[in-house]
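The following block contains the structure, expressed as structure tokens.
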Amino acid sequence: MSKAKPISRFPVPEVKHLPEDMRERILQVQEKAGFVPNVFLVLAHRPDEFRAFFAYHDALLLREASGLTKGEKEMIIVATSGANQCLYCVVAHGAVLRIYEKAPLLADQIATNYLKADITPRQKAMLGFAMKVCQDSGAVTEADFDALRAHGFTDEDAWDIAGITALFGLSNRMANVTSMRPNDEFYLMGRVPRA
Amino acid sequence: MSKAKPISRFPVPEVKHLPEDMRERILQVQEKAGFVPNVFLVLAHRPDEFRAFFAYHDALLLREASGLTKGEKEMIIVATSGANQCLYCVVAHGAVLRIYEKAPLLADQIATNYLKADITPRQKAMLGFAMKVCQDSGAVTEADFDALRAHGFTDEDAWDIAGITALFGLSNRMANVTSMRPNDEFYLMGRVPRA
Amino acid sequence: MSKAKPISRFPVPEVKHLPEDMRERILQVQEKAGFVPNVFLVLAHRPDEFRAFFAYHDALLLREASGLTKGEKEMIIVATSGANQCLYCVVAHGAVLRIYEKAPLLADQIATNYLKADITPRQKAMLGFAMKVCQDSGAVTEADFDALRAHGFTDEDAWDIAGITALFGLSNRMANVTSMRPNDEFYLMGRVPRA
Amino acid sequence: MSKAKPISRFPVPEVKHLPEDMRERILQVQEKAGFVPNVFLVLAHRPDEFRAFFAYHDALLLREASGLTKGEKEMIIVATSGANQCLYCVVAHGAVLRIYEKAPLLADQIATNYLKADITPRQKAMLGFAMKVCQDSGAVTEADFDALRAHGFTDEDAWDIAGITALFGLSNRMANVTSMRPNDEFYLMGRVPRA
Amino acid sequence: MSKAKPISRFPVPEVKHLPEDMRERILQVQEKAGFVPNVFLVLAHRPDEFRAFFAYHDALLLREASGLTKGEKEMIIVATSGANQCLYCVVAHGAVLRIYEKAPLLADQIATNYLKADITPRQKAMLGFAMKVCQDSGAVTEADFDALRAHGFTDEDAWDIAGITALFGLSNRMANVTSMRPNDEFYLMGRVPRA
Amino acid sequence: MSKAKPISRFPVPEVKHLPEDMRERILQVQEKAGFVPNVFLVLAHRPDEFRAFFAYHDALLLREASGLTKGEKEMIIVATSGANQCLYCVVAHGAVLRIYEKAPLLADQIATNYLKADITPRQKAMLGFAMKVCQDSGAVTEADFDALRAHGFTDEDAWDIAGITALFGLSNRMANVTSMRPNDEFYLMGRVPRA
């Protein structure tokens, strides 16, 4: 039914007309996910910004040395995207979070109110820091780093939390302005246990 | 896994010890839904408040003369509960909304940002009024009624929108204070087309 | 002068045309107060909602086991109604508060800034919790219950505070949307010592 | 009962020890009002600031050429003092407003929600401008002056509205920081028709 | 270029037509500064308010007994004027702050985010109190005075901080409403070391 | 004096130890500016994020087809960085803005209150859109694009405005969390006319 719905209020290029490197990345993700997440198509309208965005994305989310798990990084994205009212990121990264954490309920909990989510006190402290960076970064002080440290987070972890929050703050704004539409597939991913 | 999670930070009575009328209502809903929604068990801690809450609920949601559809009423609940960060109501009424509207994507859209949802301009005006009643009711003026009227809503419809927003504002506050936990079943309801 | 002012922007039924149970309740309160508070007339436009509202009201305000005094319950109503800019509730419950507490100054103090009111530190803690439930219930955590407990409040007291705040949050929204007008009589009640 | 309550958290001088000019002003107002409003005693702790404050007060409130009535000026004070949660100014200027306008209900209405007060659309526009100056003066633009002009206000009237709002914003902050206590007498003034 | 720009949206009197006392004050400041700061000309439109404003200004800023340095008083003005988005006061008092503190960078730091400024923890506590008085004075409690006292501030210092914040809150509102334009000269003052 | 002040609360690498491509970029900018802006050193702590950030930066700011001038892009950065209380970006991009526009006063105006700045109505509309993307992107609707279009902005211009706002929102958050210190040199740049 929603097939015909536009995925962006801006022009969306056809994959076949994209530069080789972009096409390759898109085909890779398509192979893995079974479909092309709309963020790739919507941002492809501006190839250089597309490349920079995904380079930043990879730098933060694929960084091997991080003290955060892959699931924790997605928690940050879902919580702050909820605060920024970004439909695309809540839905798409909610799906990824459910899959990474094998926790079908977690994304809805964190998007709505992380204080009520099935996560550890340490993870709540992590999201508390992320929400402050998201909503009032000018007021961050050493006391906020101390609160993280009390849960075992290092300064490098704090940078990761801030970086992910900041990058998806960018992404949330672009998704909101472009009216980026989440693929229908995301809504159900990770909700039903694999047989 | 979440079976053992408490559904309220307050004592939860056993159904068999509840007064007859409450037990009956609970068994009815259990029969229909296949499980007992936790709101019945959590609020049952205070029988008189339980009875009043569901009387109010029925008065507004079962009112036959209403110009709002059953689905539209659930849209109001989901949008304002999202604004109030109420996990229980977003998840439970999100399920009901998906079922009523036969629209598996709609609840996540409306809970996150109703301006990006697959709804009509009329329904967006309805939710705009609901959000103002939810967040700044003291500033409601005749201009807000005019905006509704431009979409064909009557004054009685406005009362319905306001009443549902107000009742679920009450419900959101009680759910937040009791840490009312949504039943796991709700998260998936209405997302998978019935075979 | 204000006799002719409408008490609601919605139709107001005549008492004589109301169902027996509603008429009886209204006559009772009239006998006691000397006049019919407008909330009864304005809400009577929707009999089932009227009945549910007053059932909820009685469940919370007449509950015998409560650890809160009658005056303290009215303090909660006045403080949160002030925050919600609800003229009807500030004026009508301000009158009741003055009478219950035999304190002619208290309602104006609490409606304007409860931190400056002639109340105990315990009562300020109670109103602090009520204001958080009123304005940011999603952020309520165990620390808020601890702060109440430090002043001797039990969990049941916390439920009472939250319930009253939530019910009058509903009432504030309906009063604001209907432009419910307080009876002139309320403004002076409890201000002048009975001879 | 509240006789013994401190009227300031700062030292309060005795009138007899004040400089001649201040004593005279205080005795004048005492003669007129029948008591000394506490603002005179609290601010007298700093004589030079006292003199400047009342000079500013007189310049704005006694200005003969003003297009605002005495009552309208008090409306501005009461509305913005309510927004600033200033108990002293709401109570003391509420009394003055009731007396000037011979309107026993008006102060409570305006302090709680001026949109519901028994005032003219022109006066609501005046208070709308005052509230914007009070709460978000950096966003005032020519459109706000146009809105005033549509109700017959001149630029000089706009200056008056802004000046009164600004001066009582100062007063509200000092009253809040000193915990300035309104005299008990103010609460009842202007509420009972003179025989 | 900006010579021709209006310095107020209200009429600006010519100095030669002003009353003697005002003219004298203006000539004094002109002699000292090398130009007439526009605040004198803009406020001169209302002589009595002009006199009261500068009397208040002198009472607070020239008060000899103050525990705050001249530079600290300007820090308060710059920080709170930034919060109030007042261009005139940020630019003019930024210049004065740079000169008093012989610190060319300080004004920009404090106007943007005082938590990142090159000031002492004691001065940050002072500005924390000022910002609370500026933005939420109704919530000031004894705990805020305790926080000042922990840094050696007396109650009289607290009054000074509050008074300066309150007076420049007034000034910010008048400057915003009049679109008071800072003199071009201020922007560069105190930025370049005197040879 | 501030030479010894740390430029980041995180480790700062030495330029000579950086990878070739980063060193080259840094030396280029040093040659052009006469010093190395601290953002390069602070972000160099994470080379991959550094590369992605500057790639994004160049994609947006060096984009040739843009309908915005170089100066207008800096206006967006300065206005939104002010709203985000980011000292580094206000000071550093304020300098660039002054130079590009040859307007020594403009940066302070826009950082404090763009509504009072010496810019065109078209540029105010541009900044109005940027501020909405910065502070409430979830509420952006077609009406906001219409408002831009009324001033001749195309959809591609809107993307540019949003993209710059979003990227510097990221930058603001990283600068706030790292306590990134602006180079002293920036404060004075563009303020003094070149001889």
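Per-chain residue numbering starts at 1, and chain names A, B, C, D, E and F are given in the order in which the chains are listed.
Keep in mind that, in the parts below, a residue touches a chain if its C-beta (ideal position, glycine included) is under 8 Å from a C-beta of that chain, and two chains touch if they have at least 3 such contacts.
It should be emphasised that the depicted structure is a prediction, and the values quoted were computed from it without experimental measurement.
Among the other chains, which touch chain A and chain D together?
Of all the chains present, those in contact with both chain A and chain D are B, C, E, F.
Please identify the chain with the largest separation between its CA centroid and the CA centroid of chain C.
Centroid comparison gives F as the farthest chain from chain C.
So the centre of each chain is just the mean of its C-alpha atoms; given that, what is the distance between chain A and chain E in Å?
44
For chain C and chain F, let me know how many angstrom lie between their CA-based centres, rounded off.
Inter-chain centre distance comes to 51 Å.
Counting only residues that touch at least 2 other chains, which ones in chain D make the list?
85-86, 113, 138-139, 176 - these are the residues of chain D that touch more than one other chain.
Drawing the touching chains as a network, do you get a line, a ring, a star, a complete graph or other?
other
Every pair of chains that touch: which are they?
A-B, A-C, A-E, A-F, B-C, B-D, B-F, C-D, C-E, D-E, D-F, E-F
Which residues of chain D touch chain B in their complex?
Residues 113, 115 of chain D touch chain B in their complex.
Considering the complex alone, what residue numbers of chain F touch chain A?
Residues 9-10, 45-46, 48-49, 51-53, 55-56, 58-60, 63, 84-86, 133-134, 137-140, 142, 145, 155, 158-159, 162-163, 165-167, 169-174, 176-178.
For the complex, which residues does chain D have touching chain F?
Checking each residue of chain D against chain F gives 138-139, 141.
Across the complex, what residues on chain D touch chain C?
2, 5, 82, 85-87, 90-91, 94, 104-105, 108-109, 111-113, 116, 118, 176, 179, 181, 184, 187-188, 191-192
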